[in-house]
Amino acid sequence: MRKNRVIQRIKQKDSVVNGWLSLPCGFATEMMAHQGWDSLTIDMQHGLIDYTDCVTMLTAISTTSTVPLVRVPSLEPGLIMKVLDAGAYGVIAPMINTADDAQALVSACRYPPLGMRSYGPHRAMLYGGADYAAHANDEVLILGMIETREGVANLDEILAVEGLDGIYIGPADLALSHGKAPGFDHGEGELDTIIQSLIDRCRQQGKVTGIHNGSATHARSMLARGCDLVTVGSDARLLVNGSRDILEAMGHKVQVSEGY
Amino acid sequence: MRKNRVIQRIKQKDSVVNGWLSLPCGFATEMMAHQGWDSLTIDMQHGLIDYTDCVTMLTAISTTSTVPLVRVPSLEPGLIMKVLDAGAYGVIAPMINTADDAQALVSACRYPPLGMRSYGPHRAMLYGGADYAAHANDEVLILGMIETREGVANLDEILAVEGLDGIYIGPADLALSHGKAPGFDHGEGELDTIIQSLIDRCRQQGKVTGIHNGSATHARSMLARGCDLVTVGSDARLLVNGSRDILEAMGHKVQVSEGY
Amino acid sequence: MRKNRVIQRIKQKDSVVNGWLSLPCGFATEMMAHQGWDSLTIDMQHGLIDYTDCVTMLTAISTTSTVPLVRVPSLEPGLIMKVLDAGAYGVIAPMINTADDAQALVSACRYPPLGMRSYGPHRAMLYGGADYAAHANDEVLILGMIETREGVANLDEILAVEGLDGIYIGPADLALSHGKAPGFDHGEGELDTIIQSLIDRCRQQGKVTGIHNGSATHARSMLARGCDLVTVGSDARLLVNGSRDILEAMGHKVQVSEGY
Amino acid sequence: MRKNRVIQRIKQKDSVVNGWLSLPCGFATEMMAHQGWDSLTIDMQHGLIDYTDCVTMLTAISTTSTVPLVRVPSLEPGLIMKVLDAGAYGVIAPMINTADDAQALVSACRYPPLGMRSYGPHRAMLYGGADYAAHANDEVLILGMIETREGVANLDEILAVEGLDGIYIGPADLALSHGKAPGFDHGEGELDTIIQSLIDRCRQQGKVTGIHNGSATHARSMLARGCDLVTVGSDARLLVNGSRDILEAMGHKVQVSEGY
Amino acid sequence: MRKNRVIQRIKQKDSVVNGWLSLPCGFATEMMAHQGWDSLTIDMQHGLIDYTDCVTMLTAISTTSTVPLVRVPSLEPGLIMKVLDAGAYGVIAPMINTADDAQALVSACRYPPLGMRSYGPHRAMLYGGADYAAHANDEVLILGMIETREGVANLDEILAVEGLDGIYIGPADLALSHGKAPGFDHGEGELDTIIQSLIDRCRQQGKVTGIHNGSATHARSMLARGCDLVTVGSDARLLVNGSRDILEAMGHKVQVSEGY
Amino acid sequence: MRKNRVIQRIKQKDSVVNGWLSLPCGFATEMMAHQGWDSLTIDMQHGLIDYTDCVTMLTAISTTSTVPLVRVPSLEPGLIMKVLDAGAYGVIAPMINTADDAQALVSACRYPPLGMRSYGPHRAMLYGGADYAAHANDEVLILGMIETREGVANLDEILAVEGLDGIYIGPADLALSHGKAPGFDHGEGELDTIIQSLIDRCRQQGKVTGIHNGSATHARSMLARGCDLVTVGSDARLLVNGSRDILEAMGHKVQVSEGY
């Protein structure tokens, strides 16, 4: 089975720089995949991306050595299994607030005896190889998102669930959950302290930590502070920022469109 | 944030005339949106409409001032949140039979602390404005469908759930649930009495009432009897009725295709 | 090979009532196909319909006994042949202004020796039968649109082209070509005289005449005056008219959207 | 309502030979539907097929007398009801491990009072007829997959659920669940004994038994041993096997791609 | 009819800053349309964009006041008319090398008596208004690309064709045609001299000049030198450049992918 | 630039075994691409495949080392250039009957000075490399189909057109053109003599010869008789043949569906 280079890099203590895909577009995906990102995450939660788009995008990524990950919209097991059968080499699941949530995630992602994943990895075998089923439990990366007060409180029980590789920190929802405005790259303060504690507790237990960032500068600091995988921006954010830069350079008044 | 004109009209005691979309077609939607309906509901439950169609249709509606609503197929939270992120200004959810159902609906639709909606309103911010997240809990209309014996019995507990704006009455399923043939525009009798009691109890508690109708005549009567929002027919129904009228005028024998 | 019921009806002096499809939507098409139209024409010229939509729509029509026709956007032969391979049982081509235009149309639609159609009727054989290629030149209806001054002037030469079954009159473009506002159902006057002469000359030569109409009333009169096939309205027109009727019945001010 | 020929054949003790569709392609489906399979199952679980593909494929099957079945990806009720509204004449649901699972399946598939299916069979009425709702509970075939140790253990309770027509045996997951490599056509041994006992217990209770097979030879033996419905291979498998045969005949080294 | 703001700005001597769309993606388009570009051009020639994508993208642009333009792939008249019927407010056509080419372009874009455009502006009337047909010849901008030696040589005859609004300069093909490597933003030299002469001759005849640029700096200089409309980069280019900037900031080796 | 392995094999006197794709399906394509075909041809002429499908299929093929070719539906230059920009490494064009046809084909496929191809190979550069434009005239294979009496008569003039790599023989249309039933694998007789003469004349002039075959046996004979590239069957044919084999093995009466 084709090795998961994200897992390999993390094992070798190499950082993983992850790109983020919100546009339901195979060509945009293929172009992104050629730029040198270690991995690309197809965001089926907040991106405007459905299952059929996801298959097209996974195929586009498969033309390169970039590792394809998918953020799923919920714990509904049917879709999670479909995404894995389509060749996702990792799943990021939102709102993992309890050990039961984590167990449900693992159950959908791992073949027996670890979980209840059903057999039929049609496209995954094209991508991963004929021996996919025998090794998938080792090569597919499973990260649960910690992004609520409850998830923070239950981190230890969550990390104790066998088959979960680690966490992915969602700063925007974490802020909302703590009564603050959503956003990334929180500076000093309560949220920053919480995030650092999440990282530290994962490291102590040998678990993977990923986090979403708004800028490369912040992403580098998160690597320095112990994260394994950092996301910077998104394809949608590149369109907004790039347009703004050009229109400002042209002396055009620019409309404000925040929050990506 | 762009105001929800449906909520505004209801507050001002103006009636809301809602169109219904069953065809997965952006151009049909855009044409409907130009005709003067106050709102259009994209029916993802019984219409042949998937998430990707829904995004295309929301975009088509956004070329006009018509308010975009979506009926979701179930309480699966992943899809409900995706529909809101895509810019739906209202959600109608089927089969709200208990307060737990209503709470699950609110949880998927409202940001904390009212609910558990996750942050990432990418298209919603394009449509609603950069301050969408701060006001969405006020501007998004959430209606639970009352369409079973159980839902009727539990109406008070359902209406007591904070964050639910009101109900949408489904006459066809209500009939099925009472052992009758499905249909709209029930005349006098048990169902009519039940429907009137639903309207009355909502009004007493200051909640919104919407209802599905088969004809404009019946819809007008429902407004007179206290409903705030009435749906008349559907795009699919217009194709069937319009074809029938033409073929009859041409002297052609018309096939019968009931039930839309 | 499955017989072309439109051709059969015309031979038997039965009128053909044709529906018109502008919406790129398989479900709308299937619903229309169940209503009793003799034939349905997929409008790839002015409808918002591409080749892939056309295949989906042809398949939807094939679930019924309604005859599938296609109006192509131009004389580009690649698309005309693709539409026939996909199972269209008739082609209506716009802007047939000269005998050369008519010959180009026939060349694209007929197998040798009549024309240059290339062999490969993949879906057409599923729909028509294994002996499709042997009979297609007889069963596929080919109509050239007469809709300009030039076309009217050259009618005799056009009708003389072997392999062309007849004409389809386009009243809107005919009006534009004569310096008048586009529209259907012209009353008495120059255009009406021209149209009658087109019908008469076709009948004299045993050719088929079809025409686009805005109303059933006008369509019936055109049958009485010698047309073989009449189109009334379109799916898009049904949505506009039906919405207008409902909104007027509801007492809503209706926006005007003319011209379909 | 159009009769379900699969149910008819089973009642008449005729075998049902079922084809399997993994390719999200209307044209491939229509071609398969013309070959003479009694039924075709659209695999929304492991096939790369989404709801919109499913509608297109159901329409393609509806051009023939082949019976359309759908395997759904999970017990999420919204999608099951959408598939039925789109005209599926049967549902195969994976991982029916308990009577609760079976009850949830029946609840989504049957109208009251047997279940909670909501009314709105828009495409189903086009395919089945105007009286669809009155007869759908009798004509729609519902099979639960038995494919885990737990499902085997709970078979009697599962079969006791009113409204479930029978089971569909999934040999690959059954093998995984018993610690063996996934695959079809198990020879003698533990799995074979289990499968025979499933068939026998279903027959004793008058329930339908279907099973997935890798070859026609094995499928014939399963019919002989008491199965009612047998699947052989899949469209994807035909592409792989057929390519292999040609490339071997051409003397080309063939890549190995197992497991479909 | 809705006014064409690009034409208005040019008449008022205001510069037009045009964005360029190569990604077949409605959501990317809608996001671009909200950033403040005066116009956006959907590139159906070199972008990976088909007619159906184009309709989706035109609808997305119509949610804002940005003006929608389309570059068509060739002079095939069927597609040009379809794009206009779908609501494009301008057409840029490649390889206008002779007056005959220019005349063919005008013929496809203008209603009689200027051209041969056929009547049926279904989506264009939704966007432009019910009086679209009466004013479209004035409000639709038609630009022919000058991008070969032959086109340069024939500029005067081309500009003399009635109904053509002006030219759009393609620096990359112009370079190829002169035996140089393709690229934008040519500095001093032969090509620069040619481009300046094109601008000057257009200005003398009161015709519009647009040009493609690789950078805002160069685009500003082209405005200063007499151009009316300047394109800067493209959505695809923003993804490439933005990814490169982030990956460099992260210290990742970046792959080179030139030429957009 | 990535080398064209088909051209390399032909130069090395290795045979090329080409697969044929008629199904508009990315997953079917990706599965075919993993089986070991030297090249796969996407049939946009008789396959049910549009441009958007073609891009998806080219991407799917790009996940392997199989070489992607496209048969275009006609000589319309806009589509030919779009297909090349999307990364096709070869074009097969139908109905090349004269030297003018061949010249038009070359003009659309080759950059200046050989042809008039316009610059903008967006996806082609992702697939082929940043130096694509400098080498594309050498690496893209251009074959004209000889499939009519006229084409046979004009072969020498056709082969004399600079920039054309060779021919692809279409036996079915060649038969039709000679008054015979369409089909492949003609045995002895007039057509066989013609085909051998085409092969011989190409070899004498150092041009490539490809041919369509119905069976591997015939394809091997054509290689032995001097062809460079042979196609065997198609994906659609595999579905038909494979279904027939299974249904016969099951003892089911099989429907006949010839001609793929």
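In order of appearance the chains are A, B, C, D, E and F, and numbering begins at 1 in each one.
Here is the rule we use: contacts are C-beta pairs under 8 Å (C-beta built on N, C-alpha and C of every residue); 3 or more make two chains touch, one makes a residue touch a chain.
These numbers come from a predicted model, not from an experiment.
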In contact with chain D and chain E alike are the chains A, B, C, F
Weigh C-D against E-F on C-beta contact pairs and write down the one with more. E-F
Type of chain A:chain B copy interface by residue overlap (half), same or different: different
Calculate how many whole Å lie between the centre of chain C and the centre of chain E, each centre taken as the average of the chain's C-alpha atoms. 34
In whole angstrom, the CA-centroid distance of chain A from chain F equals 41
Two or more other chains touching the same residue: where does that happen in chain F? 22, 24, 27, 31, 34, 48, 50, 52, 55, 76, 79, 122-123, 126, 236, 257
Under the stated touch criterion, can you name all the chain pairs that qualify? A-B, A-D, A-E, A-F, B-C, B-D, B-E, C-D, C-E, C-F, D-F, E-F
Residue ranges of chain B in contact with chain A within the complex: 50-52, 55, 76-79, 81-82, 85-86, 111-113, 116, 118-123, 125-126, 130, 132-134
Complex interface listing, chain E residues touching chain A: 15, 17, 19, 22-25, 27-28, 31-32, 34-38, 48, 216-217, 219-220, 230, 232-233, 235-247, 249-255, 257
Which chain F residues qualify as touching chain A in the complex? 26-27, 30-31, 34, 55-56, 59-60, 62-63, 122-123, 126-127
Okay, in this complex, where on chain A does chain B touch? 22, 24, 43, 45-48, 50, 52-53, 72-74, 76, 79, 94-95, 147-148, 170, 172-173, 176-177, 179, 181-182, 236, 256-260
